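The letters A, B and C name the chains in turn, as written, and every chain counts its residues from 1.
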Amino acid sequence: MNTQIEFDRSVFYNKNSNIDLLSLEFNLKDIILDKKINFNFEIDDISSLNCQRKFSLIFLENEISLSIDLKKICIITNKKEIFLNDKYHNIIFVKDINLAYKEIINKIYIHDDLKTYDDEFLLKNNSFISKFADIADTALIANNCVIGKGVKIGKNCIIKNNVVIKNSIISNDVIISDNTVIGSSGFGFDLKNMGSKNLLPQIGIVYIDENTYIGSCCTIDRAKIDITYIGKNSMIDNLVHIAHNVVVGNFACIAAQSGISGSVKIGNHLISGGQSGFAGHITIGDNVTVAAKSGVTKNIKSNSIVAGFPAIDIKDWKKLKIKEKKNGYK
Amino acid sequence: MNTQIEFDRSVFYNKNSNIDLLSLEFNLKDIILDKKINFNFEIDDISSLNCQRKFSLIFLENEISLSIDLKKICIITNKKEIFLNDKYHNIIFVKDINLAYKEIINKIYIHDDLKTYDDEFLLKNNSFISKFADIADTALIANNCVIGKGVKIGKNCIIKNNVVIKNSIISNDVIISDNTVIGSSGFGFDLKNMGSKNLLPQIGIVYIDENTYIGSCCTIDRAKIDITYIGKNSMIDNLVHIAHNVVVGNFACIAAQSGISGSVKIGNHLISGGQSGFAGHITIGDNVTVAAKSGVTKNIKSNSIVAGFPAIDIKDWKKLKIKEKKNGYK
Amino acid sequence: MNTQIEFDRSVFYNKNSNIDLLSLEFNLKDIILDKKINFNFEIDDISSLNCQRKFSLIFLENEISLSIDLKKICIITNKKEIFLNDKYHNIIFVKDINLAYKEIINKIYIHDDLKTYDDEFLLKNNSFISKFADIADTALIANNCVIGKGVKIGKNCIIKNNVVIKNSIISNDVIISDNTVIGSSGFGFDLKNMGSKNLLPQIGIVYIDENTYIGSCCTIDRAKIDITYIGKNSMIDNLVHIAHNVVVGNFACIAAQSGISGSVKIGNHLISGGQSGFAGHITIGDNVTVAAKSGVTKNIKSNSIVAGFPAIDIKDWKKLKIKEKKNGYK
């Protein structure tokens, strides 16, 4: 659903123009092992497994079926068998896919983990608002906020004090409470190549849908390539962390100090108790309730109630706690 | 004790004047089913189960014995049997008590989850301080703070950088460390009616008593109607969340990343280890120690030491852990 | 290693000059029981168990072997047997060691938990930067930051928005993300003497080594006397708390909402899952992996993988979880 939301990446991340597939090679000699370019184009965007875009690059470690005209995409891969597949018109074979991602993206896009990043701010009503942000007239922004370039804030939003919003689209009627950070970099890196100079560039955005409330001191990280999405009519308490690429459906209720790891997909009507956590890359159905302090480590079917760590059906968890009491300490 | 602290709500929340009981009906036709008004008065305040105030409204789902002259209070209830009770002189029968609370309070008071909220700030020593705040001459306020209307800050307080304080009374000799938020909205809403436009108005305050220390990046939410209270001589570490209506006694020591859910009442001399959590609406006695990472789900008697989730007597918890080792994995 | 990093304390904490050992007594009559001063000197620094410095005071509750010329140090102790040991040339016998630490340090140093603390800021590119900070020309500082006196920020650092940095040395190529607080006071106090007026002065610093990344809304507290250290090439996610005196080695990877309690020492190549916690004063070897939501309560040997609370070998933890399923609820 929401991963289909279109956005213009270049509004958030200035693009170095005139980079086409044939020119990608410069400075990348150690990284690029081989390439086949049959239909050259100027690189206009980046694709992901979830969303393929025209005139873009896609980084592939495994073969997938692409939803796009193969002339309009260029694959970067570290897998020889993918490179050798004749059906790909434009493909680059690299030694290290993460290093290639880092070097190539940093050549094309400027983002706030690079020193070349730049923005221009106007001080409006005690907050710094980018000249290149698009704020509805009816949105209220309190003091000491920073609203970065490309950010869109919809009608009737209330942005409280000391809030940082970057690389994000905020729909109508959203409230964001004090000292919250929306759209900062996801925690994306290669364990084999750590540190600030080696971050995997995070060039996606955050999208907060209509009528949603975000508490104080929360962090909602932008996606690596696509969208970190929070659905409509959702309620997020204080000190909640939502990592990059997460999708939370409509009518979510997430209590304080919960954390949702990268790339988790959650359906509608989640209820999550305080201090609960979700392991990365899992899928949670609709109408799921997660008890406080749970650690959800696996996919959860719709209409479930889970508790504990690892989180199990709450009826099983209660049985376990009764057994613990009977056999363990009484 | 502390719930008896008096405060003037209108200092924090501008009141739309001239709303009396008889005039409540306008625009509320769908909400108000019936009413009996025998002693009309201009609405001057809001009462709660804990604290009844003169010339106020009180929202009741269950019958309670009110401590106030019944002529000086008007009950709003969704229970027919309460409405029909002859002893109440002023009573309004509504379909949906939460909706009535939201609509009526938003008609009477202005707060920072409404777009009509307004304040006027002066830039003093690099912080934005409301013209309507009352800051002791001997209080220090560092940079980039926001101190909202009605806020009182006592003698010799130190407010560090990027702190937001709204709707709060800070006693003497309190230190509040960097990037902490005091007095933002509690997480109050109706699960059947979610989202920013449907918040249950939070029109209470936070009261931090003397000689208390609050760490960095904490969130202490204001009460819904009364006071979120932190007692004297308390020590609160970083990234701690204290929800609306919580009462913490004197000499509390709360380690980092702990969370206390809404309406919890805690006695004096609490010691809480890091990352512990307290479920909502429970009561904790005096001299209670909660081990790190505990999840306290039930009332705890004075002079207890508890651990685990759900938290149990620490001796039982240790037995359990020995049994786990013996039977579970050794 | 890192505890050997030298720093000039007086750059961060203005020192009241001309206090020598003989003059220590004023106003401390109730605290000082007896003293022997054979080689008087002006007090130039404070020592700790880990690091002894010339012309300093050291507060000792237990006898240790000091690595420094005994003429150049003055011991403050509450232990009669230490006081009576003839080998110490300069020694002061006190009733209450914590009270003595508080009173003496507050007499010598000014820090930001005292009302006498002062700094002078310039507004540069929308941030408040102390006149007495040392920022590399190539470092970027975004909006609404506060950089305090003595702070050093190395080459090519990126400090994002609303960041507070005090009492810290930031090496080259460090990125610190939005709304994070570095170098605020450690949670140091005496449970017998609580509250803001009785804090044990925190006069150490934070040292963030090269090429390290710190996420948003984190708190890294300065040491009590020495250095809270984060090693090179480390990656720290959002909402992480690192307490005073902690040492984290190089190549650490710490996921969101983790907390490391005071004085924990961690080797290189830590991987810590989200929401995990470390009890105070423990030692963790190299190449240790801590599963998400773990609570590490004891020293951990190098090359271990642990999980659970209290954290045990992950193989044992998995056995336990299988047993729980078999016997507990299936």
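Definition applied: contacts are C-beta pairs under 8 Å (C-beta built on N, C-alpha and C of every residue); 3 or more make two chains touch, one makes a residue touch a chain.
From a predicted model like this one, the values you see are computed outputs, not experimental measurements.
Copies subunit A and subunit B of the same chain sequence form an interface built mainly from non-equivalent positions, shared numbers / all numbers used being under half. Rounded to the nearest 5, the angle that brings the Cα atoms of subunit A onto subunit C is 120°.
Centroids of subunit A and subunit B (each the mean of its C-alpha atoms) stand 33 Å apart.
In subunit B, the positions touching at least two other chains are 144, 162, 179, 217, 239, 257, 275, 324. Chain contact summary for the complex, subunit A toward subunit B: residues 126, 138, 140, 142-144, 156, 158, 160-162, 173-175, 177-179, 210-213, 215-217, 232-235, 237-239, 251, 253, 255-257, 271, 274-275, 292-293, 321, 324-325, 327-330. Every residue of subunit A that touches subunit C in the complex is listed here, in rising order: 112-113, 115, 117, 121, 123, 128, 144, 146, 162, 164, 166, 179-181, 184-185, 187, 189, 191, 194-199, 217-219, 221, 239, 241, 243, 257, 259, 261, 275, 277, 279, 295, 309-310, 312, 316-317, 319-320, 323-324.
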